[in-house]
């Protein structure tokens, strides 16, 4: 249940898997993403409402064949240059995208967590998103005849989240902005949770979400595992790191150097870096 | 915003309204129900997942024309005799019923709170409930073709709940088993919340649900307002009162005496009590 | 009704029901007899049993027996308390729960459960409390165990009203209805244990409690009861089980 | 670009946007310019403004300007923090929110908003971040206010991609699409304020900021801009507004 991070990633994340690393600005599982890069996973379908710099890094490193998302950017800074490079120029490999709104993605996770094949929402009507994906359809209310949007459930092979604490049995506790993490874990076939610390007892905290051990496949203690994002009650967001990423990520060579030196990982595609 | 209970009920609950007094064993708004009886409201459609003795009392007092519910009983004791008398013998007036399962009712409130006309669930398949109501239909997943149950949203004219605390602006805080109360309030056109106490500041409590003042029409301070049910952190359930109700409610005359003497209310139908 | 060996038929039933649970299971617990049995299992051979009540208490471990589905003790001792929609949508519906533990007012030949009405729905002889969480517990748990006192009035050929589907009218019906759990796999009564026949899904007597005869069970069954050729005897409650049970129910 | 009276065009825009909000409103706040304007309103004429961010922070009152939609300060100062599905399903979707405050990468003649892509979707010139919460904010809030710097590249006749529907291709289209909110009721830029024409729904210049001419605005608009016959002047920021704004943005 409690494992080292590298072992957790090795056991739970396979090439070709659909993988969701969730976190809404807060508690982003950055260390787990870096471990996926280091282990050289390939052909992943990456899922996330708000892909930010860790997804930029994974995409730039060539881990992803597809991205399912609703907002991809460097929050407070600007664009994701590796993401753009993949979409606009196919570097280091072409990236297929499946694009939704936040409301749609959130409801897709809810359906996944609920064991339903789809969710219903008021959304997408009149937008050009509808024409770009076959995962937005129309459904009619059987009582009123009203037309609404339907989106299919998301059920990742593995969901990865970061949390403040876990106990020794693997019960997980997170608080602050808890986003979509509960639904992401409940929707997934397997799940990995990195935590700031492992404690004997999870003292209740206002606003907490508890993920019972039986829906968690593995827990890894990774203090600082969501840096440069933040862990409410543990450390603040490193806004400078988000700004610095802009420069690193603008240039393929600079990025490849970061991969090798910053992460100890291979350049994305041998012979093509730069 | 903060009003006396009688004023809150007078302003918010009208004859013929659809009214939900919610509470799942815990925090049942009993005092508000008694005030509805005292004010002699008639022709109400009463909605509740778990109608228990306060609904038995309201039905026996002749307030209700219809009951929308999923489980009607005296928890830990047995049947509701006024409810049975109304259904089996039409006393003091016939009671129409619309019957669901808990999962269906919960999802009907969720749809109501979400501004959707209906909800989808895995439920009811093969049960005889389907034949007894036109509020259970079948819907097909537009992605998989799978058949699921659909139920229409519940949007009461007024929802009434009891909570531990409110602040002076009318923000409400409840904790412990919070059941379906948030959804009941959010689904309703108007809402009344009775509370144990009004405080200057709502100190956060683990497991709390906060209902922001803008979705609450009125708050009334009614200490003990959920007795004989319980208020987590304030008082325990009076199990004896639930047992005593069995004897009182078995007999129309006994019940009418309780109405007059215990509640200061009129007998259900003049000249017909007993 | 205390038998020679010093326990009641209800106690035998509760202990037998507790034996249906193991330490690895997640159990969706109905109030009454099922709750007593699950709490007994927790305190004896199944300390890891993960109990859910429909009030939203997950992984609860009450130190006294809850009197209702929403007792305060359930919230105080739970791993976490969630809303009622969440318990049904996120926990029950996806099939995360191993076993649903249900009672019944009527149960029929195919283990369909009635808790709604005796007689006609629109002109009832006895109006019962209704469905509660049972229809979806019976549909979505990986399997269902029913705990109910046996009598010819309760064990009927065909339920007056199917509140919760067992095996419908026989083999293949759950699959046809799209119900994902296996449905009732055993019915534990004060007389013995019944299981659906693997081929026909008809409830069949497979186990007798001590001091009970097949004729006793037949007399308490409203259809012509099938009896397994490998009819077994239920192990009697141990002294420890009885002592824990009595500390729970307050009968010393 | 500091004007003679000592404030920038961005500051004028932010103050004008803040004026769209009142103390009684609930406002769904997008990050960036809208967030700055809403926080300014809160601290000046609209102390009761109830701000929601899509990260799930309801009734938040940050003491510093949040840098992202999920800043810790939003959670710490909120009436309550809910999950992301809840903020969209229970709060936005039912139409509880008076005003949605949005930015745009492109906005067109009918106030349709593009934050997805410049150029062709499958072969983009510039790939933008995407929809985020905007499509449903634009659909479900009672009204929408857009805050965006004005230029001919941003204000286009027809958006390359409609991420969030404004008024579609004109009057009646929101109703036809079943969108329940009124849609964009004003667009506040660094040059002035535009509102949809009551009859045609085409964005029309109704207000000019100090020192800006109609020709300036026309030059910064990618279609033949209609100008209201009752063109007004935007009140200039007060010293207090500028001082509060600068304390928020850290520009002293």
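Labels A, B, C and D are assigned to the chains in the order they are written; within every chain, residues are numbered from 1.
As a working rule, a contact is a pair of C-beta atoms (placed from the backbone, for glycine too) under 8 Å apart; a residue touches a chain by one contact, two chains touch by 3 or more.
Just so it is clear, the model here is predicted, and its values are computed rather than measured.
A.B. asks: Among the remaining chains, which ones contact both subunit A and subunit D?
C.D. replies: Of all the chains present, those in contact with both subunit A and subunit D are B.
A.B. asks: Centre-to-centre on C-alpha atoms, which chain is most distant from subunit C?
C.D. replies: D
A.B. asks: Between chain pairs B-C and A-C, which one is joined by a greater number of C-beta pairs in contact?
C.D. replies: Ranking B-C and A-C by C-beta contacts puts B-C first.
A.B. asks: Could you put a whole-Å number on the gap between the CA centroids of subunit B and subunit D?
C.D. replies: 41
A.B. asks: Between subunit B and subunit C, what's the gap in Å when you average each chain's C-alpha atoms?
C.D. replies: The answer is 28 Å.
A.B. asks: Going through subunit A residue by residue, note those that touch at least 2 other chains and give them in order.
C.D. replies: Only 115-116, 121-122, 146, 182-183, 207 qualify.
A.B. asks: Going by the touch rule set out above, which residues of subunit D reach two or more other chains?
C.D. replies: Each of 80, 89, 93, 140 in subunit D touches at least two other chains.
A.B. asks: Per the touch rule above, enumerate the chain pairs that touch, sorted by label.
C.D. replies: A-B, A-C, A-D, B-C, B-D
A.B. asks: Which part of subunit A faces subunit B closely enough to touch in the complex?
C.D. replies: Listed in rising order, the residues are 115-122, 135, 137-139, 141-144, 146, 148, 150, 152, 204-208.
A.B. asks: Once bound in the complex, which stretches of subunit C touch subunit A?
C.D. replies: Interface residues on the subunit C side: 26, 50, 58-59, 79-80, 89-90, 93-96, 140.
A.B. asks: Give the list of subunit A residues in touch with subunit C in this complex.
C.D. replies: Interface residues on subunit A, with respect to subunit C: 113-116, 171, 182-183, 186, 210, 212, 214-215.
A.B. asks: Please give the residue numbers of subunit A that touch subunit D in the complex, ascending.
C.D. replies: 24-26, 49-50, 69-73, 75-76, 79-80, 83-84, 87-88, 99-103, 106-107, 109-110, 121-129, 132, 146-147, 176-180, 182-183, 207, 209, 230, 232, 236-237, 239
A.B. asks: Report the residues of subunit D in contact with subunit A in the complex, numbered from low to high.
C.D. replies: Residues in contact with subunit A: 31, 54-57, 67-72, 74-75, 80-81, 83-85, 88-89, 92-93, 116, 121, 124, 126-136, 139-140, 161-165, 168, 173-174, 177-180.
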